Amino acid sequence: MAGSSIGTIFKITTWGESHGEAVGVVIDGCPAGLPLSEELIQPFMDRRKPGQTDYATKRNEADRVKILSGVFEGKTTGTPISMMVENTSQRSHDYSQIASCYRPGHADFTFDSKYGFRDYRGGGRSSGRETIGRVAAGAVAILFLNRLGISFTTFTRALGPVSLKDEDFTPSLLGMTPTGIPHDGLNAEAEEYLKTCMANMDSAGGIVECRVEGLPVGLGDPVFEKLDANLAKALVSMGAVKAFEVGEGIQAAGRTGSQNNDGFSLQEGKITKRTNHSGGTLGGMSDGSPLILRAYIKPTPSIFSPQQTVTRDKEEVTINIKGRHDPVIVPRAIVVVEAMTAITLMDALLLNMTARMDSIIDFYQK
Amino acid sequence: MAGSSIGTIFKITTWGESHGEAVGVVIDGCPAGLPLSEELIQPFMDRRKPGQTDYATKRNEADRVKILSGVFEGKTTGTPISMMVENTSQRSHDYSQIASCYRPGHADFTFDSKYGFRDYRGGGRSSGRETIGRVAAGAVAILFLNRLGISFTTFTRALGPVSLKDEDFTPSLLGMTPTGIPHDGLNAEAEEYLKTCMANMDSAGGIVECRVEGLPVGLGDPVFEKLDANLAKALVSMGAVKAFEVGEGIQAAGRTGSQNNDGFSLQEGKITKRTNHSGGTLGGMSDGSPLILRAYIKPTPSIFSPQQTVTRDKEEVTINIKGRHDPVIVPRAIVVVEAMTAITLMDALLLNMTARMDSIIDFYQK
Amino acid sequence: MAGSSIGTIFKITTWGESHGEAVGVVIDGCPAGLPLSEELIQPFMDRRKPGQTDYATKRNEADRVKILSGVFEGKTTGTPISMMVENTSQRSHDYSQIASCYRPGHADFTFDSKYGFRDYRGGGRSSGRETIGRVAAGAVAILFLNRLGISFTTFTRALGPVSLKDEDFTPSLLGMTPTGIPHDGLNAEAEEYLKTCMANMDSAGGIVECRVEGLPVGLGDPVFEKLDANLAKALVSMGAVKAFEVGEGIQAAGRTGSQNNDGFSLQEGKITKRTNHSGGTLGGMSDGSPLILRAYIKPTPSIFSPQQTVTRDKEEVTINIKGRHDPVIVPRAIVVVEAMTAITLMDALLLNMTARMDSIIDFYQK
Amino acid sequence: MAGSSIGTIFKITTWGESHGEAVGVVIDGCPAGLPLSEELIQPFMDRRKPGQTDYATKRNEADRVKILSGVFEGKTTGTPISMMVENTSQRSHDYSQIASCYRPGHADFTFDSKYGFRDYRGGGRSSGRETIGRVAAGAVAILFLNRLGISFTTFTRALGPVSLKDEDFTPSLLGMTPTGIPHDGLNAEAEEYLKTCMANMDSAGGIVECRVEGLPVGLGDPVFEKLDANLAKALVSMGAVKAFEVGEGIQAAGRTGSQNNDGFSLQEGKITKRTNHSGGTLGGMSDGSPLILRAYIKPTPSIFSPQQTVTRDKEEVTINIKGRHDPVIVPRAIVVVEAMTAITLMDALLLNMTARMDSIIDFYQK
């Protein structure tokens, strides 16, 4: 079915396989008049680029984004923005093993079962390269939201057993450490852990956190289109994300109401929550507090130690995965989490404009 | 915006406020020929009924479901199924307090901010009564899925600090204990905890788990319409759910790949996962193992102890909530979790029929 | 599939069969704050009521609309508006003939082929009673659009061979004649024609025209969501409509560009088209001129003269349809055409609010 | 808003402006296993190519389609099919006139009003080049439908005042005449008419008819998703189409029921309509007879004679359009009508697979 699009007003459609000609995205529904260029998007692409640290693959992916439509004289025109990145560096090597064997933790088996066959070169459509389109579209959403005073802080909250406490959060180190943990000591600890994983031919997972400030109150709708519900879908739609949390959602399940409720107060004449256990939503709508999301990312399934599996032809075999694989995808996933969050928020923000009769009359009668 | 519908082929739209005339649901896209009657749906409604235990409200809600369309001679006709439950027992009491005050943990503030005013009687649209439509629609989906050999096991995995281990799971106690925990001793422990909460004018949260067996391989799509992404949205769209997990998603973030990967083997000639850490999905598609989902539910926000808040008119006040409120909603949420899971799976199952050329040719040329 | 909804932001879902309990509609996405009551909607329902003239069925359908949700203190709340009309006057008579025979011009055969069986009482889901939901929802849209200064003029342009010329249009007779033709002489002529049809046990068709004034420029989108494309779908989705025209669309096909182009001029400083052959759209967007639509309606298929057909069991038979059937549906279709037009325009108007960055910044930063 | 996509299961999204880098389309939801290649698509592209006759522009557009994703080893994989055509031959000439003037019959004025500015080079997003994506996607749909035994016959039914009668239809001339009229004498007559138009610096319109044979009974849904309603939208979404007709829809409005109803009979044991006035649908569902559609196309708005208009800056001026413009687009529109029809039918055919419980059980239990 048509599963490669997300969004209602701001709608994106990604396309492309890891070893095809290119990967890309079409954004439909971006408002006209947003300043946009390849130069403004490229920094976001660079944040997901591999080959930057010891813990990401050594492939030299240039990943230069090209805008093919929807921008004129430096601004979006309101028509679809088509963006593309060529698959220049994909080596054509021997895929006979993964063509016939089902790699544990990968989608090989489910692809073959669903579609009858699959593009077995690299991860095909389930490759991490699919996220290039998400990041390019997310960049547009972030640039848009920034213009409205909305800002993002996204980082590694945990990597394997190493976890960042709030008091250790170091703003100046955001995006500056190889593991994405904004703290020198904890980053070093996590690097040690990753080295051990690599030595063991193993891999690691972790938690990415995204905080959004400056959101207006009321984004999201009270029933199925709750803001947190759509964010849950957006983040769990990332390949390796297996759990989602808004605010202190997991701990909240063990608390009492008096511990978990956020009372209200007045701050400079503005209604404000005294605490933010809820993570920025109430009843599925943004509540003016910072939005706080967490994506739980499983360890990279491609590991170099031998694993037991079966072939397409139903033989039990031992597989030894070769090639270039990140021992952890968490640092590269940071910008993808931010992108998916921004895409979801931008759509909610546009949809929210139609909530009230009085605003609509204002809009059309001014 | 239009936020009260969910699903693409099997699409449901709920409507109704807690203190209006009625609440209901329209199901559009249910296949023709499914045996259906009010008698078949009512047992699901009864599972979410309050007033059954000490830990749920004493309201005597009859909640008799009425089918208004879409069924003829005992079977669905393929046209919309409209179902309704009247709001017979809603007492018209004094709402002046919640009309003007913003209850902590509730959607009062966000509703007013978004829409300019709100139906302040009970929870309005954000009331738990909205889930009546979800459960009625979910009953249809469960009846449909049962016919295809798909079955559900849903229960309380944790209530406050009391947590069920796999080895304590007692199938014969499913749906038989007041707390929903299928274990005598742990249920008793949880009941004690709830009594303490009530004595303290406080409330509790917990975790509901849903397991689904018998799913075909390949449901869900590899990118944004991943099966787990849609399930995340479906469960987080429930009022008090603040986190979602598929399989061992939260723990997986701290593991290594060799610990978390599920190898494959052959079982009676069928390709099967040796373990099920992933919880029944691979690459966003069902993998033939049991689907395992967990919804993390916050403590009931309506507590009887005094809380600090503000009024619509921006005065700081202390609020003392009165009335009838469940000290915990977890036991009543079980059937809602099951319903939302079934609705999502049924939609995925219908969408999956169009994945392959050969099946389509078979379908039209037989 | 889910085919009973239309609209993206302002989305309606109709439900119900002619001889079930009731028929109804759920509107999702109506902005909050629109004054609404059953009294405001009922006049629209009355415009489609049968039994008012000699040329409509004699059934005494009260068709009182009931609002079940979404309205509080006389205004819409932003939550779904559920409306229902009970099927009180449907006689339970003998349906054995239409249960087994396929009526020419009706959906009996296609329903059975698609779904395996059908609700054969009256027209079931394909009954004209389905339009009750459309009219109730259309009333809401018309009330909304009126508040923005948008007004509707809808009338019978032709009935059988009797056709209204522009110079005969008599505004004071709008909605005042049995045939819907706003002209005394032509109405009388059309009544004569209908009497002849009835004497011949035959039926008639015609053309309904809808004109909309006061639309802002720019509604609709330039590619698939062209305003006229969505209006075409909305009108052709009415049971008996077999052709659609915007402006002078049919004649335009035979003209030259110099005859058909509408030049621009300035009228009181405003850019205006000198003529309106295009019927109010340019490139799929409203152009500020009156929108002019025409729906071509086939003659009522239920005629009392004998017709050749087949049974479910594949026997050739002659069918003699009995019961109460309008010899022409055109006069009752007027309000349905207006309703479907309004529903489509309201959705376009809400969607249009998100077209420009500068308006969005204005909206959120004021 | 997001207006560049159409379809539910088989969903296409076009992108690109006439003078940008390229134009293209992403197809999402094409079933896996359909043989596909650039060679199979190119013939459809060639059917819409200009420069082939005296009555189309002389531009030498190579319009070679490139498949960027979704095809592996000669078959579709079930993932998005991205296709692109580069805008190689767009001359960069002087656009100062159309940058500032609103061309009559074009979307210049509505674009500027809606979005605040526009890409004024050529038609921008409203250019006929946008149909390249439609045709490429339509080719995929046609190839798919052909495999199910469904075939298309599309031709010019009328050009200006020259109209083809059924008895003159010459199958061997399909696609062989410059005007698209499959009849030697009438084609010659239409060519004469076009020469006169050109001599007068004027342009012509016409009617394209599409006939589809081999459709299963039951495609489409009975209410808003009627097959003919979706076809109406699909065809009216083409730039110059201003009216739509299914079967004898326009004439039907003037007929009686006994003239217009199609009786049923048995043909070789199969239930068949005796006539096909309805054009292949009953109650919005395909009825097994040939589907017959007509699109009414306005004369090309770009004419070389002087026209009165206004500028962006609100000055009245006379405009003299220069450049290369087809005096009639009807012959090139034939393949676009066929493409839009096929896209709509393929989507309906996939959606129809979920209509019945018994087929679903068959599908999953075989």
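The letters A, B, C and D name the chains in turn, as written, and every chain counts its residues from 1.
Note that a contact is a pair of C-beta atoms (placed from the backbone, for glycine too) under 8 Å apart; a residue touches a chain by one contact, two chains touch by 3 or more.
Fair warning: this is a prediction, and the values are worked out from it, not measured in the lab.
Undergrad: Using the stated contact rule, I'd like to know whether B-D or A-D comes out ahead in C-beta pair count.
TA: By the number of C-beta pairs in contact, the winner is A-D.
Undergrad: Please indicate which chain is farthest from chain A, where distance is taken between mean Cα coordinates of the chains.
TA: That would be chain C.
Undergrad: Report the inter-chain centroid distance for chain A and chain B in whole angstrom, where each centroid is the mean of the CA atoms.
TA: 26
Undergrad: Which integer distance in Å separates the CA centroid of chain A from that of chain D?
TA: Comparing mean C-alpha positions, chain D is 38 Å from chain A.
Undergrad: How many angstrom lie between the CA centroids of chain B and chain D, rounded to a whole number?
TA: Taking the mean C-alpha position of each chain, the two centres sit 45 Å apart.
Undergrad: Counting only residues that touch at least two other chains, what does the list for chain A look like?
TA: Residues 1-5, 8-9, 14, 29, 32-33, 78-79, 114-116, 125, 222, 351, 354-356, 358.
Undergrad: Help me check something: in the complex, which residues belonging to chain C touch chain A?
TA: Interface residues on the chain C side: 8-9, 29, 31-34, 76, 78-79, 144, 147-149, 216, 222, 349-351, 353-361, 363-365.
Undergrad: Which residues of chain B touch chain C in their complex?
TA: 1-5, 7-11, 13-17, 20-24, 26, 28-29, 32-33, 66-70, 72-73, 75, 77-82, 84, 114-119, 124-125
Undergrad: Which residues of chain B touch chain A in their complex?
TA: 1-6, 8, 14, 102, 104-107, 109-111, 113-116, 125-126, 130, 158, 160-161, 197, 200, 202-207, 217-218, 220-226, 228-237, 239, 241-250, 252-266, 269, 271, 274, 278-279, 281-288, 296-303, 305, 307-310, 314, 316, 351-352, 354-356, 358
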